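Before any comments, here is the structure.
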Amino acid sequence: MKQIGIFPNFKKVNTAKITTETIKWLKNKGINVYLPRIAVEILGFPQYQNLLERSKEILDMVIVFGGDGTLLRVARELAPKEIPILGVNFGHLGFLTELEIPELFSGLEKIIEGHYRIENRMMLKTSLPKNNLKERQFYALNDIVITKGSFARLIRLETYVGTEYIETYPADGLIISSPTGSTAYSLSAGGPIVNPNLNLLLITPICPHSLHARPLVISEHEEVKVIIRADHQDIMLTLDGQQGLKLQPNEEVIVSKADFNTKLIRLKNRSFYEILREKLAEGGHKEF
Amino acid sequence: MKQIGIFPNFKKVNTAKITTETIKWLKNKGINVYLPRIAVEILGFPQYQNLLERSKEILDMVIVFGGDGTLLRVARELAPKEIPILGVNFGHLGFLTELEIPELFSGLEKIIEGHYRIENRMMLKTSLPKNNLKERQFYALNDIVITKGSFARLIRLETYVGTEYIETYPADGLIISSPTGSTAYSLSAGGPIVNPNLNLLLITPICPHSLHARPLVISEHEEVKVIIRADHQDIMLTLDGQQGLKLQPNEEVIVSKADFNTKLIRLKNRSFYEILREKLAEGGHKEF
Amino acid sequence: MKQIGIFPNFKKVNTAKITTETIKWLKNKGINVYLPRIAVEILGFPQYQNLLERSKEILDMVIVFGGDGTLLRVARELAPKEIPILGVNFGHLGFLTELEIPELFSGLEKIIEGHYRIENRMMLKTSLPKNNLKERQFYALNDIVITKGSFARLIRLETYVGTEYIETYPADGLIISSPTGSTAYSLSAGGPIVNPNLNLLLITPICPHSLHARPLVISEHEEVKVIIRADHQDIMLTLDGQQGLKLQPNEEVIVSKADFNTKLIRLKNRSFYEILREKLAEGGHKEF
Amino acid sequence: MKQIGIFPNFKKVNTAKITTETIKWLKNKGINVYLPRIAVEILGFPQYQNLLERSKEILDMVIVFGGDGTLLRVARELAPKEIPILGVNFGHLGFLTELEIPELFSGLEKIIEGHYRIENRMMLKTSLPKNNLKERQFYALNDIVITKGSFARLIRLETYVGTEYIETYPADGLIISSPTGSTAYSLSAGGPIVNPNLNLLLITPICPHSLHARPLVISEHEEVKVIIRADHQDIMLTLDGQQGLKLQPNEEVIVSKADFNTKLIRLKNRSFYEILREKLAEGGHKEF
């Protein structure tokens, strides 16, 4: 652990202070620190040489100060590099973040000593072959979602798995989710909860206007193709609910497992099921 | 039946021809016919004196040429007048339309002879007391829907029935539906099917991000108040999925039963349950 | 309030003591008290003259010591008499019970002074016309449920509303629920929550083996007929989950609104929605 | 292909005739045929030497005459032997059966020539460690289901994945399903559809009396433990809905992936998704 990046979310209180303290702490240990340009500017540092944007190849780890949302953003940005990510949360418990602020330096100590494990999380990739986008490939850790605008008429999503026609969902949209994303948007649309260490894809229609549509679990080796059928242009593709792209009628969206994982640094023995209970279920047992 | 209006949907094939024939047929019977200004222009009629827009007070019936969507539009427009509506469908069976084109003139004959019944359908009204809209009241036959835009962060819908706090739904949106609307958007969001001759309100959250939210059926005498909690302005209210209004954070939406009904002209003995079977269920019995 | 019955559920701790104290308190006020024969025996009273079983006609009120389950039982037993029921709960909050033990005597004081209101709850009645049962009519406050045994093959429930054929549900069973019962078994099978002061029937299939089956809300004036199609005899009808009757293949079950209500004595201003929040929802707002 | 077993379901019409013809056809090819004792008796054959029950070790294939239900039964019976199974259906299309009667002999011809492929389907195993059953292990291809009797009070299912506590479901029961079983009982209880070539376990509560319970997808390497909490003894475990065992309160049920697969003989190129469309969805596109 010689080269460590830091991604601070400055919308959270105290981020600047914590980030500065962490930089100092790491430098004292003889570790080189890398920051995104925007953080350098906000923190008012002198012209920094270690810009994170230029150094992705050499980083041993990235620390994220923020919640699950910030971590999703960083995971997409670092996607093909497979740099281990440590999520440090300011607020309440997250599915992805590992430490809370009071545990920060004791946790970093352990990591530097090598006492941690890496948890691999499957990512998704998507491409829009009929679109003239500069970028050919997009990534997501949670989900790739196709939706119509709130006032637009419903769209029809002609869906294939491999070459096999599945169904044309008349719906508000369609969620293609990783196991990690099963506890995010997909869950609100009726999808199952999936152990995030599995490798599979989850297809969940949003408000389908046909009674027989159901969530579908497919193999990590299968590719999903969705052809957008609509008579209007108010259609959007979103990555992890954070990054959006406009889609056109008759456009094709291809989604499959990415060729690399998000690597989460884990120090604790909290299992997914434990986090799930805390996040979703009630403290006591409310029965009816 | 001396004063009859006609609302043609010109997006459907043959509308102009059928409308012209119907006008001729009605005039032969000594009936005065009223058309919307747009129809007069499209049909190329000479300056017509019987503009429907000026004559709502005196109409005995309005004939709608189009599907359920067109009928919803007319129902909202004629709302407080309670003019009976006859829906004539060009395509497949509807929940609201009553006749298909080949049955048109034999059906009109029966109606003129008084051989029909009126089916009352509860309507919804909504007001936005904190908004400076010119119109104070809006109406819907199917549903009043609050939704966020497709790329916006989720909204929180602080919901009251009367003065009673129900829940703050973190969700994509909320549907307040009449019984008639229970087979429309509400059904796709998990709501129950309701006999459309009942008088009640149905509250259905859209993709709620809390596991315990469920559709709620309340009395026709209860008023729903929803306060929009959001940190963005991409929020919309839609009437029957057709007419849209922008909403602001912290705005209040009040929904209750309207003071009048949509009056559908019925000639046949098809019950709601029969239409339901034809529209929703499979011809045969597909079991798994 | 001169004639008051008491129904104690002796499975609850302290029931005997509380019942004896209540009898003494009521007698001091000059009120005649009536007990079921079983209670007389358990309490070891001398041969009592005021047996509740013989005195239903003259009772002004019945006090139930127990939870919602005990109250359901009493409601069915007293069904056609419309005697007001006061539910006194030993444990946690109920949908139907009104007082907790510490509030008992102050509550009774208010009731005797006439400071209470009556809440009417719609009941269901059912008959099995093809069965040679001595009793011709059965009642339920929550629900009338048809189910197959746990090891039996699925049954088909040919369902009519009035004379109108609805569907033949291939399923584990079917719930016909009152608004009061909407927060009981029906909710676990995917039914909506209904304001219990409404008058309507709710039909909810249990684990239907066809994808298009949905809960159905019908009018209080409509009658449901279910014909049991099965090739085995492991089929049961249950009233409020408490009283069971064996059904035969091809047997008909008729369900409709009963001709009388359960009358609940209410002293507090707690609304249904308030109880709902406490019973079903989480204390805080757990979102995902 | 020298040793072939036949399992006929004699409840289907024509089974005896088809079975006899198939035996003759196979013998003509010099193949030894093995039948279950019951089939030998029904067909009135002379004392047969090739009893299937004694010969499981040497069979190259088993032909099943019947539907998916019959095939499930055979799959459990042959479980640890991994003998390839060919399902021949008398009626409509199945998820598991491969041929219809008219295709029987042309299909067998291809198989004998080696023109077929084997599709592996994950099986489940279960044990009841606290029970004194002679058999220590039971198998299922679709699902292992714990349910209460139809008139019994609800049970609480204290559920663990590995050593991790998940939840105590207050429910009618719990389904632990293989991917193959995802289109059976689990689907009727709200579970997702799973590509049957995946290896994973699906946990679906039946009519849970808590609002936050959701279907859960876990790894093929994880073991499920369910401790039955109930105050009555009307509790049952069923294998594929066909074989039942009584359970006691506080009994433990352990379920995991079996150490072997069901091997289905496939001749056609029908994919799972194609069968799914035919079995579950409507021919046309019924939208609402």
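A, B, C and D label the chains in the order they appear, each numbered from 1.
Keep in mind that, in the parts below, a residue touches a chain if its C-beta (ideal position, glycine included) is under 8 Å from a C-beta of that chain, and two chains touch if they have at least 3 such contacts.
What you see is a predicted model, and the numbers here were worked out from it, not measured in a lab.
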Worksheet item: Which chains make contact with subunit B and with subunit C at once?
Response: A, D
Worksheet item: Does C-D or A-D have the larger number of C-beta pairs in contact?
Response: A-D
Item to complete: Mind checking the centre-to-centre distance between subunit C and subunit D? Centres are C-alpha means, answer in whole Å.
Response: 40
Worksheet item: Rounded to the nearest whole Å, what is the centre-to-centre distance of subunit B and subunit D, using the mean of the C-alpha atoms as each centre?
Response: 48
Fill in: Centre distance in Å when subunit A and subunit D are each reduced to the mean of their C-alpha atoms
38
Practice prompt. Among the residues of subunit D, pick out those that touch two or more other chains and give their numbers.
Written response: 187-188, 209, 211-212, 214, 280-282, 286, 288
Discussion item. Building nodes from the protein chains and edges from chain pairs that touch, which of line, ring, star, complete or other describes the result?
Written reply: complete
Worksheet entry | In the complex with subunit C, residue positions of subunit D that touch it | 147-151, 153, 171-173, 185, 187-190, 206-209, 211, 234, 236, 238, 241, 244, 280-281
Practice prompt. Name, in rising order, each residue of subunit A that touches subunit D in their complex.
Written response: 161, 164-168, 170, 179, 182, 187, 191-195, 197-198, 200, 202, 209-212, 214-219, 222, 271, 273-274, 276-277, 280-282, 285-288
Response to the item:
subunit D residues touching subunit B in their complex are 183-184, 187-188, 211-212, 214, 279-283, 286, 288
